Amino acid sequence: MDLISGIQFDSFAEFLDMGGYSFNVWAVYGLFVVFITVNLYVPVLRRKSLIRDLKRRQTLAEQAHGAEVNSAGRHKLEEAEGNS
Amino acid sequence: MTDTSFQHTPDNSPLFEVCNLRCERDERLLFSALSFAINPGSALQIAGSNGSGKTTLLRIICGLNDGFEGQIRWRGFDRSEQSEAFAADLLYLGHRVGVNKVLSPLENLRWSAGLQVKVSEAELMKALSDVGLRGFEESPCYTLSAGQQQRVSLARLRLSPATLWVLDEPFTTLDVDAVARLEQTLADHAEKGGAVIVTTHHKLELPKLQRLTLG
Amino acid sequence: MWLWFAKLGSPKWFYELSTKWLPWLTAAMVLTLGVATIWALLYLPPDYQQGYTSRILVVHVAVAGTSLAFFPLMAVAGTITLVWKMKLADMVAKNAAALGAWFSFITLATGSLWGSVSWGTWWEWSDSRLVSMLFQFFLLLGVVSLRSALEDSEKAAKACALLSIVGCINVVVIKYSVEWWNTLHQPASPVSMESGSANGPEFWIATALMILGVYLFLSVSLILSTRNEILQRERKALWVQELLADTKSGRG
Amino acid sequence: MDSTALNKPSTWSAFALTLKRDLLIAFKRKNDIVNPFMFFVIVVSLFPLAISPEPTKLAEIAAGVIWIAVLLSAMLSMDSLFRADFEDGSLEMLLLSPHPLFFLVLAKNIAHWIVSGLPVVIASPLLAYMLKLPGDSYLTLLLSLLIGTPTLSLIGSIAVALTVGLGSRGLILAVITLPFSVPVLIFGTLAVQSSAAGLPAGGYLALMLAILAGSLSLAPLTSAAALRISVS
Amino acid sequence: MDSTALNKPSTWSAFALTLKRDLLIAFKRKNDIVNPFMFFVIVVSLFPLAISPEPTKLAEIAAGVIWIAVLLSAMLSMDSLFRADFEDGSLEMLLLSPHPLFFLVLAKNIAHWIVSGLPVVIASPLLAYMLKLPGDSYLTLLLSLLIGTPTLSLIGSIAVALTVGLGSRGLILAVITLPFSVPVLIFGTLAVQSSAAGLPAGGYLALMLAILAGSLSLAPLTSAAALRISVS
Amino acid sequence: MTDTSFQHTPDNSPLFEVCNLRCERDERLLFSALSFAINPGSALQIAGSNGSGKTTLLRIICGLNDGFEGQIRWRGFDRSEQSEAFAADLLYLGHRVGVNKVLSPLENLRWSAGLQVKVSEAELMKALSDVGLRGFEESPCYTLSAGQQQRVSLARLRLSPATLWVLDEPFTTLDVDAVARLEQTLADHAEKGGAVIVTTHHKLELPKLQRLTLG
């Protein structure tokens, strides 16, 4: 494997020029990179803000109505008074 | 109509039964391990504070909402196996009254009752005058007041052959008179062997009334 | 089988499993994408017709091919949502729609950039792949739009599931009708995609590697956003509460 | 077996009852009938203003313009299907009725097409004349619209059923359904264009008929499923 | 004089509050932003399919097609203005508030245009390219749309205010407002077409600006009056 | 707030006065020669059967409906001459609650209260928790039940500087608890020198309550 001689370009400028099509080639790769980073980085950022938000709510819930939460979902069935 | 007008259930299982129902909305537990049964001739009032899940429960009962766990049985069979028979024997009146604004009370009732039972024009007119809409039969419903529109939907109760009535806050916007008349209708239905499930914040006086309080 | 299904349906199970797998998948993704990109940019020999621009095709073909996977994926997830009411399937489907729209957009953009070189125009209506990709893009945005329009998340899940299934059929129908329409209109310029570039084996190896990398990227991105969705929707569950208590703020 | 079953109306009569009710509502409201038609006419007449009043140029675009205007009017008129029923609760009644939803949805679809699709189809030759569509293709235009508009309605009704709870949904309906109607648009315009060029158009019409048959059997089913989802 | 007056917010702050609220609702709903834009893009892309994919033919119709699509998207997006407010009763609150209705209506109009008009304007050059609009006319297109779309919104808001109680009003809105927006359409397309032909377009743009100024002062007033009528 | 927080009327004419009001709808006479006056510190319940014109009367009072004949006076002046002052001093809650479904209770209240008075965030939060919406402040309103949405609109009562409150069936869909709390709020308002006009089919217990029965 000759990693150096395999390279198709003799100079960096030539590499940048891409045989005259630098705009198209670099635009495609630029878009590609943006596309990948956005779709990886946005979920990561969202995760951070989500965790922050959830923790804030957790502490709020603990302070404000920790006891009330447990009372949810109860019910009671009875005969109404005054039936015949 | 006599008692025999309602279909009987096999081997004496209750008319309608709910076992171990559990429902969450938005990760908020509304109820769990909820079980009750209702038999012909009885009435069930579902009470509870605002947001305790009354409307949700009624919609689950009717099959409009399937976000629940647990069994619902109709005349002893699973409701989903009996869905057509159940539909033929159920009458649901929700928060929204099911009254088209451009049609007249008569035209509305002709369709809404007609889906479930064959009715004659005379029966339609009688039902409307029974709920106090005489003289309004042919006015378009957008000219009716909130309570009058509610009455149009209540006229269905007088025509429906359904055994099980499920009513979500039917007393709202009714005046004192109409409230009394509706209570009488419910009592009559139960007496004839029907069953009623109703939510209201109002103090109901019915014979054989069970009360289920949520929340 | 059923047990396995039930287990897979559990967001908790998925969350924990993905915690284990994510580093490996990410590493594999970085590696393949890196190698494929460097290879494509530095080592790919120039095409005898189009010179170095075949470097564009490596990305274009990889993204275009992958973007075709989204509707089938969403339709499968939708079926699972509707039939087995599995929450996880919907969480995947929700993020897949948006990601799929991104993929379609990048396909369109890279295709245009390549078209401006090889056809001398950025956009051409007389090519069925272009037009049908445009409509796939619209359909995906339609699914995203429906999701955001419906407020109730359970309703939205089922509605989007149904739309994805119907949409999956439609993508195929559109493709064939547009193709037929184009053969009838006899394109003026030599604008067939299959016509041109005889690319060498190196090109195809680089492309294959790029496709693999893009698929890995798809899975990593989908897993990341699905995990967020899990945290969001299961925020009241005990295991999430415990997990939150264990994580330092903003990390984890 | 029991009195309930004896007195229960047949599915057919429920179908007829629903069809009649929807037609009645439309005739009382009038807007549902007049608006799609007016919209169609107005949109078509914008083109000579915005593009060019020259007859030769108009003739070239006539088929396409008419089809697009029909498409838009069909999509936008769908907004009124199910809306009032959802808002006033009648839709819940429909879902809880003891009849197969397929037929009731079909009845509503048919009523809606009669009211909003048919007038547009009938007006199309006149507008085709105003746009100087070549003379031989009128019959094809009429036929293609007669086959195409019910298809569009059926496709649209799925989207309507999915979005039934939304307040303003005209645009989202169009956004969801326009991509789906591309095949109908393509075959419809091809039919008209080819008969304008003196070529046979029967093949396209047959294809459109096939699409219609397919959607006639599948769309009400899908709409019914979608309604169940939306109302829950 | 009294404590009520001291604590009463200024009209300006009511204006800002309403603008902010409407933008907030739009950003929460997202659809109000995305749909007009999507509709515009999809409608434009139907034309090559229905008429012809040939670049020269497309170039001829490009300006007109874009303007018509903008017009339709603007008219149809109006449906969401005031609708939710009417249905939930907020509109009554607006009418009973102690501030001049003119400014509150203007705030709602501005919020609506930012959300539904601006994205369409921004996307238009891309679509112009896809329709092969001749190269020199892009700036004119953009300017004419930037002046034209607020005018269309203002005109539309009168119709919206008049029809605010109707359930499905997408079509009737279009039917009422399209005739009124013909002048804007004509000047807009003339501006683009003449700059595509290398001629100056400033005169048309100036005319459009005059129309905008007129409707900016009159339309909110008329809408306010119409709202009072509709809500009573 | 003390008694002085409400503006006083000149020469002791009543706060709000209706003279010889007459209204027809669809050629049906709803009321004629209707006159009443209401003073700071008092409450007026408008009763009547369904369709008797209660909602219509309230909308006439507020100026939302102008299909009437007769005079309406505000602090001794014709209402139309005082429309801005009247608007600043009026709070109307109709059948429709004025709650946007996508916004949260907090965001809704910020706007609806903010149109009439400058309020701080803390006051908003307090008002919401006073009506029993603690924990729901940030949830979108479409996830709230019917009664909870009604409560959002009632929170305005706790922030408004208005003297005259006009409420159309504010008790519908409220649970027993909330009904009691609302009655208390109305009594407090009257005590502080405000005035209340309210329709309800429910038996109101307020000090200094007048009752007007239509129909």
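By written order: A, B, C, D, E and F. Residues from 1 in each chain.
Here is the rule we use: contacts are C-beta pairs under 8 Å (C-beta built on N, C-alpha and C of every residue); 3 or more make two chains touch, one makes a residue touch a chain.
Just so it is clear, the structure is predicted and the values come from calculations on it, not from any experiment.
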{"item": "Intersection of the contact lists for chain D and chain E", "value": "C"}
{"item": "Contact-graph separation of chain B and chain F, given in steps at minimum", "value": "1"}
{"item": "More contacts between chains, E-F or C-E", "value": "E-F"}
{"item": "Label of the chain whose CA centroid is most distant from the centroid of chain F", "value": "C"}
{"item": "Of all other chains, the one whose Cα centre sits farthest from chain E", "value": "B"}
{"item": "CA centroid of chain B to CA centroid of chain C, Å", "value": "48"}
{"item": "Centroid spacing, where centroids are CA-atom means, of chain C and chain D in whole angstrom", "value": "33"}
{"item": "Geometric centre distance via CA averages, chain D-chain B, whole Å", "value": "36"}
{"item": "For chain F, residues contacting two or more additional chains", "value": "95, 101-102, 140"}
{"item": "Numbers and ranges of chain A residues touching at least 2 other chains", "value": "none"}
{"item": "Chain D residues counted as touching two or more neighbouring chains", "value": "84, 87, 172, 175, 178-179, 182, 186, 232"}
{"item": "Complex interface listing, chain D residues touching chain C", "value": "158, 162-163, 165-166, 169, 172, 175-176, 178-180, 182-183, 186-187, 190, 222, 225-226, 229-230, 232"}
{"item": "Chain F contact footprint on chain B (complex, rising order)", "value": "25-26, 48-52, 55, 95, 132, 136, 139, 143-148, 150-151, 169, 172-179, 201"}
{"item": "Contacting residues of chain C [partner chain F, same complex]", "value": "151-152"}
{"item": "In the complex, chain E residues that touch chain F", "value": "1-5, 7-9, 13-14, 17-18, 21, 24-25, 28-29, 84-85, 87-90, 92-99, 231-232"}
{"item": "Contact footprint of chain C on chain B as seen in their complex", "value": "26-28, 67"}
